[in-house]
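There are two complexes below, and they share chain A, which is joined by chain B in the first and by chain C in the second.
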Partner chain A sequence: MSLLEVKNLTKNFGGLAAISRVNLKLEENELVGLIGPNGAGKTTLFNLLTGVYIPSSGSIELKQKDVPLSLIGKQTSQIAGFGIARTFQNIRLFKDLTVLENVLIGLHNSRGANTFSSLFRTKHFFDSEELMHKEARELLALFDLESKEEYVAKNLPYGDQRRLEIVRALATRPKILFLDEPAAGMNPQESADLTKLILRIQNEFKLTVVLIEHDMSVVMNVCERIYVLEHGRVLAQGTPQEIRKNKEVIRAYLGGE
Partner chain B sequence: MRILNKTNGIWMILIVLSFGLLQGAILLGLIDAFYEITLVTILINMILAIGLNVIIGFSGQFSLGHAGFMAIGAYATGILTKQFPNYGGMAAGIVVGGIIAGIVALIVGIPTLRLKGDYLAIATLGVAEIIRIIILNMGDLTNGAAGLSGIPYLSTWYIGFFLAVVVLIFAANYKYSSVGRATISVREDEIAAESLGIHTTRYKTIAFVMGAVTAAIAGSIHATYFSVISPDQFNFMKSIDILIIVVFGGIGSLTGSVIAATVLGVLNVFLQPFGSFRMILYAIALISIMIFKPSGLMGTKELNISSFIRKKDKSENKKREEKVR
Partner chain C sequence: MENLIQQLINGLSLGSIYALLALGYTMVYGIIKLINFAHGEIYMIGAFVGYYVINYLGVGLIPALLLSMSFTAVLGVIIERVAYKPLRKSSRIAALITAIGVSYLLQNGMIYFVGPEVRSFPQVVENSLYTIGSFQVSKMQVLIIVTTFILMAGLQFIIQKTKMGKAMRAVSIDSQAAELMGINPDLVISFTFFLGSALAGAAGVLVGMYYNSINPMMGYAPGLKAFIAAVLGGIGIVPGAVLGGFAIGLIEVLISGYGNSMVRDAVVYGILIVILLVRPSGILGKHAKEKV
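Moving on to the complex of A and B:
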């Protein structure tokens, strides 16, 4: 099976079907674009896949040791534990904590010492703190944020905040990373640098990345496959070439160009 | 790690120094028997405030029933030390009180802390009242509304000081650890914390249980220092008193709680001569401080000795660099 398989996923908010019978497959180590006009349901799809929202119907299955595992009814924290990480469209950093602390919290689940060793300051505690700090700094260095580790997150420039949120998500050592408009609010140069960085971490960490992005040139250039969402439905999916030629997409989405 | 040790060393010196000062003042008669009661009250309030701060300040959950957990410790220790009037009995009282308080906190916490929102506040409000009513109706064991008297005077200010230091160290160890950061992340943004794999209910519960256990310890000291306990000492107003200390010191700041417990305790003594007018002055003092410093004395920050050291280190480094140039 694929790494993640979504079948007939539906989410109704009152009368509105924000996501309607969506089918989607993610393979290992691929970069997938998710595009669609505002309100198409992209963020809602991320929220469903990460357990923030409970689907109205449909299935989500993650390949765990070659066995499919249903994610329906699992808590967000459990799903994160299975190796699914994300960023948020409206940045959700721990904004009163430092850059380093934000990343350390991302490492907690896999690396943190337990309550007992923390309260009694056992050797295990000091070892684990040292390891966590080292790993956190290595991750920050990837994004050139290591010199800002003592900054309080809310005092970072906007672009750095977005990048820090990615570092924090990476700290959970995910297999799948959902990025919700990571380049929003960045200038073209920052956006281009970020795109390069996303490609690099995808390779280095053997990640499957799903990218919500409005800049069509970015999506068409870097994504191996693209899903187009409209009114909660998958309008089309395929390689950038296929999407570019797809009549439905041209009509509904690329029409203006 | 070196700075960590240096900081710890300085804190240790501060603690020993304040112990020495208090001991000196008592020996010189500056702190008489009456002021010693104030001192122990301050130490008990300190423990209560530190524990409540772990709940409110770290995990961001609102508890309004802290006095209920204090009552559990006080009665467990009162009952046990009346049977076994020695330090063994007192130690047993602290352990039993702590365990019961912890279990009650688990029972209350696990269902309510699953929910997002201030459900804990409502639940704890009810639980503290239930604890009080149970104590009122336990017959000879608790002696109802009249309360227990003749509890052996086993606590001294030494014991209060020692336990306050122990609770403070545990709270600080918790705060400056990965579980502590995880707990604080729940306060900061529950959804983001969940997205990083942090089981938010677990950390809210850990903080709540820790707060409950420390409140029981404070209750144990209270019972064995004052010798008399009754259910009405552990009413809603007591919970609010503790809450005031936490807010006044700064939600999330342990050193803030320590300072606030001390300042408010001393303020209370100075206002003693004003009789019933005292409460008004106390309120005015509180309100004026909250106006000038709405986030409490310390905000969420700690009295930061390590940053002071680091600043000094940096300026020394700079000097060194300049010399090299």
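Moving on to the complex of A and C:
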């Protein structure tokens, strides 16, 4: 089976179907784009897949040790534990904590001493603490943030905050990383750097990346497959070349004749 | 001058008690934005647990403190699970009213089970006076201040250095983002009640020994004053609770010593009104910015 399989996923808010019978498949180590006009339901779809919203109907299955595992009814924190991580459209770092602490919180979840052994300062505590600090610094170094580990997150420049949010998500050792408009507010040079960064993440961490993005240069350059959403439905899917020529997509973006 | 130093020492020991209690208010508020009005009653029950274990098990001060803290810590967790957790998605006023209900339940429950009369607290520590120069410190006061500082150092360590402490800070900043990092918010909330209630239990035992009397209504006034201390320092801010606690303790003692002890409580409650009018975010609080 695929890494993640979504079937007939629907989410109603009152009478409005924000997501309607969406089918979606993610394979291992692929880079998928999710595009669509404003209000198409892209972020809602992310929220459903990460357990923030509970679907009205439909199924979400994640491959765990070659066995499909339903994510419906699972807590957000459990889903994170299964290997799904995300960033936010408007950055949501732990803004009063340091850069290093932000990453450590991501790491702590998968590993780390329990409160008992840290209170009594057992050897296990020191070992795991040291190991985690090392890991956190390695991750930060990959993203050129190691010199800023003691900065309070909210004092970082905008671009660094975006990168830190990605590092924090990677610290949870995800299998799938959802990036919600990572290039929002970036200038063309920063977008180009981000594009390289996303490709690097896909290759070095061997994970699946799903990208919501309005910046078409980013989407068309890096994504292997693209899903187009409109009014909560999947309007089209395919390679960037196919999507570029798709009449339905052109109509949705530019208006019909 | 000597009198002033004497009063400051008294204020410091009273302030320690308020600070221990205010920490519980502020931590719970920081995590789930609830003013836990049952907190004063947890402190009262802490005092009673101390009373019973010293009288019937014949233990000394430190075991009494530890037993009382463990009992109230578990009680705090149970109260949260039973009374507050089902209301987590409801409006904040619903949880607040429930907290007041829990407070009355514990007060009246204790009156029913142990009786309303005032009991004298067993003296496990001989209350000798140390005379330094021309002012005096009681052994009890030293004990209260030292115990408070040890507990606060422990709390600071837990919050700053442990995995759970980092999770607490993360949840208080952005609980949804914390969940997406795999942090289980229920566990963090339980742990917060555990810590806050343990501190309240310790404060109960210390006060029992200091004033030598306990009764089921004893939690009401200190609970309110500790709440004022937490607001004064900036609710949700841990150092603010300590600052506010010591400030309220000193103000009370100085008013009793130099002014009129009849107006002591009026002044403390007046501080709440003034702070809410002038600086609602408290001394250490920053003005809340609108989220975009």
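What we mean here is this: the second predicted complex is superposed on the first by the 253 of 257 C-alpha atoms of A that agree within 3 Å, B and C clash if a C-alpha of one lies under 4 Å from a C-alpha of the other, contacts with A are read in each partner's own complex, and residues count from 1 in each chain.
Just so it is clear, contacts are C-beta pairs under 8 Å (C-beta built on N, C-alpha and C of every residue); 3 or more make two chains touch, one makes a residue touch a chain.
No experiment lies behind these values; they were computed from the predicted model shown.
Enquirer: Identify whether chain B and chain C fit side by side or clash on chain A in the overlaid structures.
Expert: Overlaying the two complexes on chain A (C-alpha atoms) leaves chain C and chain B clashing.
Enquirer: A:A80 in the overlay: touching chain B, chain C, both, or neither? Say first, second, both or neither.
Expert: both
Enquirer: Is A:G106 touching the first partner chain B, the second partner chain C, both, or neither of them?
Expert: both
Enquirer: For A:N90 in the superposed arrangement: first (chain B), second (chain C), both or neither?
Expert: second
Enquirer: In the overlaid three-chain picture, which partner chain does A:R168 touch, first (chain B) or second (chain C), both, or neither?
Expert: both
Enquirer: Check whether chain B or chain C contacts more residues of chain A in the superposed model.
Expert: When the residues of chain A touched by each partner are counted, B comes out ahead.
Enquirer: Would you check which partner chain A:G185 touches, where first means chain B only, second means chain C only, and both and neither mean what they say?
Expert: A:G185 sits against neither chain B nor chain C.
Enquirer: Jot down the residues of chain A that show up as touching in both complexes, chain B in one and chain C in the other.
Expert: In chain A, residues 50, 52, 75-77, 80-81, 85-86, 88, 92-97, 101, 104-106, 108-110, 112-115, 118-119, 168, 172 are touched by chain B and also by chain C.
Enquirer: Provide the residue numbers of chain A that touch chain B in the complex, in ascending order.
Expert: 50-52, 75-77, 80-81, 85-86, 88, 92-97, 101, 104-115, 118-121, 125-126, 128-130, 132, 168-169, 171-172
Enquirer: Under the definition above, what is the set of chain B residues touching chain A in their complex?
Expert: 1, 170, 173-174, 177-182, 184-185, 188-189, 191-200, 206, 300
Enquirer: What residues on chain C touch chain A, complex-wise?
Expert: For this pair, the touching residues of chain C are 157-158, 161-164, 166-167, 169-170, 173-174, 176-185, 191, 292.
Enquirer: For chain A, which residues count as touching chain C in their complex?
Expert: My answer: residues 50, 52, 75-78, 80-81, 85-86, 88, 90, 92-97, 101, 104-106, 108-110, 112-115, 118-119, 168, 172.
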